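Below: the structure, in structure tokens.
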Amino acid sequence: MGLKEQEARAEEQQFTTVSTVSPNWVTTRLDFLVNWARKNSLWPMPFGTACCAIEYMATAASRFDIARFGMERQSFSPRQADVLICAGRLPFKLAPVIRRIWDQMPQPKWSISMGACASSGGIFDNYAMVQGIDTIIPVDVYVPGCPPRPEGLMYGIRLLQKKIEGESITDDDLREEHLVSPSGLFLPAARVDELSEPFGNSVHQTRNA
Amino acid sequence: MSRRTVEYTLSTPGLNAQGEVEQIPLGILKDTQEYKIPGEFDEGFGSEHMLINIGPQHPATHGVLRLVIELDGETVIRVIPHIGYLHSGFEKLGEYRQYNQIIPLTDRTDYLSPMANNVGFALAVEKLMGLEITERCEVLRVIACELSRIISHLVWLGTTGIDLGAYTPFLWSFQERERVYNLQEAWTGARLTTSVTRVGGMMADVPTGWTDALREFCRTFPSTLKEVDTMFTRNAVWCGRTQDVGAMSREDAINYSLSGPMLRASGVDYDVRKDRPYLGYETYDFDVPIGEHGDIYDRYRVRLEEMWQANRILEQALERLEKLKGAPINVSDPRVILPPKSRAMSDMEAMIFHFKQVMEGVKPPVGEAYMGVENPKGELGTYLVSDGTAKPVRWRIRPPSFINLAALPKMCEGALLSDVIAINASVDIVMGEIDR
Amino acid sequence: MSQLSSSVAALRTAFGDAVERALVSCGDSIVYVRPERVHDVLQWLKTEPGQTFDYLTDITAVEYRDPELLLEVVWQLRSLERKADLRVKAALDKQAPLEVRSVYDLWRGADWLEREVFDMFGVVFTGHPDLRRILMWETYAEGYPLRKDFPLRGHFSRAEQTRQALAASPETHYSLTELSIASAYHELPKDMRERLRRGERGFLK
């Protein structure tokens, strides 16, 4: 799937990576500090496309206010952002754009897929829509809803914070950069097709008459 | 799955159907039959022009719009908008959905004023079917449209303020929107994706106490408008950035098929509610603001005044709603409107009607209809072609923002780069509607 | 029951057999015109003193589910001062190349509307200065989405669509208008420069 950047770099430079240190009291205290700092200062990269972007704006406005979770500065430049919030549907034309934005974000980075369309394609099971951004970039938290209520998004952000709390610097797979494979896909082709298959009632939604 | 290999070539503008050059692109010498490109352009030209790209991911483009701008220093020579980054296949999807199933789709085109889209679509289907909706339904739909007008213009106000550097009105306008969202949620169950209409009626009547809440909103909303007015209308910075910027003349506005506040700010007295009234708008007492210069300032004044007028219409609609208390909201045609659940459970005929509508859907007669409504962004047209089945043959959305945005290159000629952002904001676009 | 617009009778007088038929549907007047005369008809409707359809509301196309029926291109016209609407249609044979003349010179609003009809249906508007795809990306290879033989989920598999989408880099969508600005041209890949030099159009082969 993705390339192991960390391994490649380590070989080149031949120094001991942190992962050779086994978890101990020092690393857990360090983890606590680092994770506390990271989770409380997540600067979002609002990749807002459609209706969920309006609910995202409502969440950022004064009634619901994500600034109290540390997301004070909406970073519209990916270079300075921590979490990519894909708010809205993602058509195929926009796919290379989000891939590029994701690639431009430096580690540590996380992503939240906000809404049904970003998570799975939503009600748009057609030629134009990516059936879930997880076929293109790795996703940490999925927030369902069409659009999710601001409370729902805030719950998703809290879940992400809990996830970050559980991270460890001794885990070398964690901050691995997931690049696209030479075939141009982020996931294997069969997996993309499997994730995009309609299921349940939506199997009948492609009848024309 | 077999791989299809397809040969494709890039399109080149300025060629006619025979492949001959019709318009010589700037900087390319036409040397009898051949272009002389590689090597390079003629020197007197363009080497000091810069090509910059704004978007598609950008805070000031109001969605996923991409602008490629040719600059000579700070002055814009040309703006080329690229759209389609939110193309969701709505019209194709509509051909696979029954008419009532399309109503949730309409929420998601212009997501800033969802109830107005629902009303526009339902009116088009009712025109196709020749249905007369009830009086209470008309009043409720007018309330839905005017509330949508207010929330859409509030977003426009907030985001335009941000683009021009004024952050506070964004918070004010979203605070007011939260109050309207509360109303929408109490009525329809959803803050944003309302799906409030059905073919022949409404999803539900307003709950008790809702009219009091709306009355309270109408009473206190003008104070926000006054605050915005105080802040912007005579503000030197605001006037300096918006007056005489991005002007469209009257003739151009008509020729570019602009609609809504864009058209009215250029001095054209055209409002669908006055010229082709629907939902009984001819019986309401309201004014339509018309601008003069067609610049951003006029568009701001027109939209601000429209919010005042929308408030006025809401108050009148509330009075009518009081008088029509207890009146039916749906047409009494069982082929179109679901029978009440109690009857569907006890009466055979009602159960059959229920079954047919849910399984097969509403079936209009063969025909086609175009219905234009005055959406906050402009004239939203719905063109439906029916072949007698439950799913339309063609559902065409005539998107006001799409057509208004096409005039952007014209408006930005000769402007400064920061004006491009201001002009883009003044067009009041919503990409969901543009790209559908 | 609504009556046929008076413009139809005037059209028949002026154009004779170029007007195929006319009808009223749900209160709207519709007139069918022969495809090769469409531009003349629309120009007459715009400029003739008694007609003055100065506002172009919409351009779109309709393909019916019945394969026998022709593909219709629809122009929705409006006269602001007379407060009149008219729908003009031209029926194109699906077996022949779908072509009709552009009305860009009459109404500038037709610019993007015609590009969209081209993108979604493949109808070529001759005389349009810049007929490129507008909603799909320029090198989109699956076809014309709103045609009835185009399945809802597209021809290719999802993995293939994702692959093609990721391969379509945003910068290479520049049109020649944009590329005439010198520096952008040099950043293009070599084969694209070649194609531009040859002046090729972007059609599905």
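Going by the order they are written in, the chains are A, B and C; count residues from 1 in each one.
Note that a contact is a pair of C-beta atoms (placed from the backbone, for glycine too) under 8 Å apart; a residue touches a chain by one contact, two chains touch by 3 or more.
The structure presented is a predicted model; accordingly, all values stated were derived computationally and were not measured.
J.: Look at all chain centres (mean of CA atoms) and spot the one farthest from the centre of chain C.
T.: A
J.: What chain sits nearest the middle when you go by CA atom centres?
T.: Chain nearest the overall C-alpha centroid, as shown: B.
J.: Counting C-beta pairs in contact, which comes out ahead: B-C or A-C?
T.: B-C
J.: CA centre of chain A versus CA centre of chain B: separation in Å?
T.: Each chain's C-alpha centroid was found; their separation is 30 Å.
J.: So how far apart, in whole Å, are chain A and chain C when each is placed at the average of its C-alpha atoms?
T.: Those two chain centres are 39 Å apart.
J.: Could you grab the centroid distance between chain B and chain C? Build each centroid from C-alpha atoms only and quote it in angstrom.
T.: Taking the average C-alpha coordinate of chain B and of chain C, the gap between them is 21 Å.
J.: Where in chain C do residues touch two or more other chains at once?
T.: As it turns out, chain C has residues touching two or more other chains at 65, 135-137, 145, 150, 152, 157, 159-160, 170.
J.: Listing for chain B: what residues touch at least two other chains?
T.: Correct list: 1, 56, 84, 87, 89, 92-93, 96, 435.
J.: Provide the list of chain A residues touching at least two other chains, using ranges where the numbers run on.
T.: Only 93, 97, 126-128, 193, 206, 208-209 qualify.
J.: Quick one: in the complex, what on chain A touches chain C?
T.: 92-93, 95-97, 99-100, 125-128, 130-131, 135-136, 180, 183-185, 189-190, 192-193, 195-196, 206, 208-209
J.: Under the definition above, what is the set of chain C residues touching chain A in their complex?
T.: Residue list for chain C touching chain A: 65, 135-137, 142, 145, 148, 150-154, 157-170.
J.: Within the complex, which stretch of chain B touches chain C?
T.: Within the complex, chain B contacts chain C at residues 1, 3-4, 6-17, 19, 21-23, 25-28, 35, 37-38, 40-41, 45-47, 49-51, 53, 56, 66, 68, 70, 78, 80, 82-84, 87, 89, 91-93, 96, 127-128, 130, 252, 254-258, 268, 270, 275-276, 367-370, 372, 379, 381, 383, 385, 387, 393-394, 396, 398, 402-403, 405-407, 410, 435-436.
J.: Could you please specify the touching residues of chain B with respect to chain A in the complex?
T.: 1, 56-59, 63-64, 84-89, 92-93, 95-97, 104-105, 107-108, 111-112, 155, 170-171, 174-175, 177-178, 181, 191-193, 389-391, 431-432, 435
J.: What residues of chain C sit close enough to touch chain B in their complex?
T.: Per the stated touch rule, the residues are 25-28, 30, 54-58, 60, 62-66, 74, 76, 80, 83, 85, 87, 99, 107-109, 111-113, 116, 120, 124, 126-127, 129-139, 141, 145-146, 150, 152, 155-157, 159-160, 170-171, 173-185, 192-193, 195-197, 199-205.
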